[in-house]
Amino acid sequence: MTLFSDPVFLVVLIGVVMVTVASSAVGCLLYVQRNALLGETMAHGCLPGIYAAFLLGGTRNLGWLALGATLSGLVSSLLVDAIVARTRIHHDAAMAIVLSWMFGTGVVLLSFIQQANLSNQNGLEDLFFGNAAAMSWNDVMIITGVSAVVGVLMGINFRRIKIYLFDAEYARMQGVKITWVRALLSSLVAMSVAIGIQTAGAILMASLLVAPAATARQWTSRLLPMVCVALAVGVLGGTIGTVLSCASPNMPTGPWVVISMTLLFALSIAAQRVSGRLKSSQKR
Amino acid sequence: MKSEARCIDIRDLSVFYGNTRALSDISICLPEAKIIGIMGPNGSGKTTLLKCMTGLLSPDSGEVLLGGVPVGRQRFRLSYIPQKEKIDWDFPMSVRDLVEMAMYAKRRWYQKLSAEQLSRVSSALESMGLERLQNRQIGELSGGQQQRAFMARALASDADILVLDEPFTGIDAKATDELIRIFQSLRDVGKTVILVHHDLANAGSFLDHVVLLKGSLLAQGPPEEVLTSEVLVQAYGVSFQIPFGSGLHLDGGSPSPS
Amino acid sequence: MIAIYIIAVASLVAINGAILGSFMMLRRMSMMCDAIVHAVLPGLVIAYLFTASRGSFTMVMGAIASGVLATLLIEWVHAKFRVSADAAIGLTFTTLFSLGIILIAKFAGRVDLDQDCVLFGELAYVPLDLWITASGMNMGPRSLWSVSALTVTVVTFVGMGSRQLVSSTFDPDFARHQGVLVRLWHYLLMFMVSLFTIASFHAVGAVMVMGFFILPSATAYLLVRSVRALILLACLVGVLSVLLGFLFAQFNNVSIAGSIIFVNGIVFALAAWVYQARRPARIFENT
């Protein structure tokens, strides 16, 4: 238990937990919309924004980079919508197009930064797989702040979002402004992805959104309880992942968090099978 | 008319999905060269029955025989036309490509279609009145034309039994009428048309034979015998008045069943 | 000569990607490509640990196995548990990819695969990795040979199976009724996609393989009305983007694979613009 008295570890842990809080809550919304892979698209879509922000600002301050990430995440979700609305390309192909294009563009920018040999570029590659260990107290404050904004926005608009997710036409008739709710949803995803990239990395961020939601969905079919269960699963998975990755210091954090989230999902399914069997045997 | 050779013989057919029984112990002998409607409330096993007939689904028990031979061994006598919603209308494919698809199974990969096959494609297109539209992309057709394009594919494959899943969805009254007339002309040249049908209002006017399902067989026979209010109450839980004979159609010209 | 080697390898990758990607897009499985592309990694690493040589047969088979396994896993998670298809994809590929990354990090000393190579590929180094025969003859870059072999395989596969692939993609029930083994062709396609990913990712990086799949075929999809035209135009778009992207990369001294994808995205935007301009005429001509 010496790990938990180590202040460096505690900073990282708080950061990771705050990231998972935001992403598991928002992930539930994407999950019920059957749009879980939008998180993947936006996570890849964040990269050009991050590098552009770095090039423009010349700083590695997480707040600044997260701003760039959020904006370009939003752009990618807008691009997906535009492709679906204006061409005959289907939603999944549109996501794949935007995802790969944004990623390629991000790689171009990164290689530009690398050959320009700027002074403080170290650590930019970490954004692919995540490196929570590099998190500073300042980063954690920003993450917590953004996470709080996500939580508050989601709390205030929960009913509106819920109606929209269930039946957009009905929501419109109820006076919900659809464009506004869509923009809100995209922003929520973009923000939670932006703060999560340092932890899970752009490539694995999708898991932080999907896994807690998918686990929670096994236990409840209502949205609010689902969000609550997902929060618990996300925080637990994030904690386990952080502990695991700190035990092996040379490795990126993201994969460990992902593996622990998936293990929780598998355990939850196993637990449900067992409890289901117990219930049916009681009935007999 | 109902001789052993000219009959689609369904024997003791049962299908399960997991633990739920979709169809139980269906035994019917469907007459050929007729327009046969399969009707019943939602979830009554209509599509399941169609898929068993075409051999797309193998039943858990029972069999389907065509002229005494299992349907699996003479699949090409049947052609299945899927529900419109199942089709990707954006697929880059012209009407002619669609009809040529009927020949794919008969050629090796390096062989082009033979002249005889090409002319069969052309005549199938012609008989459905699509020769002028043959280079259109399938999504650029109207609902009725789309249904006809799939019928042309079925005809090109030389099937004498056409199996359609809800052919009238999303089609306006005029196109419905056209389609019914096409069914009738196909019947008159000896083809059998089997369709899942929902509209009780016009069922009596063009179907020669009705099979009413609700998990099991409720009734079968000529529409005026099957679609009686007692049977319909049993099937749907409410009563209907079914108009028989013509009168519902725009032109009023479709022949009434005997 | 170096430039020609790079362009040749990239063009062949683009052609293979365009052909397979067209079918994946028509099947609405573009995101499944994403999953396979990520999922081959653990198989690659595990096979590598066993054989300790890059590009060996075992390694290729290991990677293909994990690619096909991923599709099976996704289908299983989706069918067996209450998980929607998209979420099943998201769960499966992130887990498999994580496993691969952890294995690479764990055995960093023993595996000649680093994270950079997985991400960005080594298109610029293609001409350096030459195949010298035992007698000392220079056969040109290794990648060129592997990608050419792949092209032959892909073209043969699609040439022989185009009718089965088209009919099972468009109308699986009809295809099955016509005697096409729909499941077999499905898994053959997944096999080819995995094979393509492995043969290409040393050159262009695991994630950017995605761009080579989807961008040329999506661009062509906007402009064509038959599958044959789709595939041919997609190949053309792919090769064109390789040429322009290579020039862009040389001019700005940036990542070649990234530039190819960047340029291809712009070509896509142009195609979308053409599509927009043409569309109204087509909607109203309905008779």
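Letters A, B and C mark the chains in the order given here, with residues in each chain numbered from 1 onward.
By definition in this document, a contact is a pair of C-beta atoms (placed from the backbone, for glycine too) under 8 Å apart; a residue touches a chain by one contact, two chains touch by 3 or more.
Source: prediction; values computed, not measured.
Centrality by C-alpha centroid: the chain sitting nearest the overall protein C-alpha mean is C. Distance from subunit B peaks, on a Cα-centroid basis, for A. Remark: subunit B and subunit C have CA centroids separated by 40 Å (rounded to whole angstrom). A straight line joining the Cα centres of subunit A and subunit C is 26 Å long. Averaged C-alpha coordinates give centres for subunit A and subunit B that are 49 Å from one another. For subunit A, the set of residues that touch two or more other chains comprises 88, 90. The residues of subunit B never reach two or more other chains; the list is empty. For subunit C, residues touching at least two other chains, in rising order: 28, 221. By the touch rule above, subunit C contacts subunit B in their complex via residues 26, 28, 159-164, 166-167, 169-171, 173-174, 176-180, 221, 224-227, 229-230, 282, 285-287.
For subunit B in complex with subunit C, the residues that touch the partner chain are 51, 54-56, 75, 78-80, 82, 86-88, 91-94, 97, 101-102, 104-105, 107, 109-110, 133, 137, 140-142, 153, 157. Of all residues in subunit A, those touching subunit C in their complex are 31, 34-37, 39-40, 44, 83, 86-90, 92-93, 95-97, 99-101, 103-112, 115, 125, 128-129, 203-204, 206-207, 209-211, 213-214, 217-218, 248, 250-252, 254-256, 258-259, 262, 265, 269.
Across the complex, subunit C meets subunit A through its residues 25, 28-31, 33-34, 38, 81-87, 89-91, 94-95, 97-99, 101-102, 105-106, 108, 115-116, 119-120, 205, 207-208, 210-211, 213-215, 218, 221-222, 249, 252-255, 257-262, 264-265, 268, 272, 275-276.
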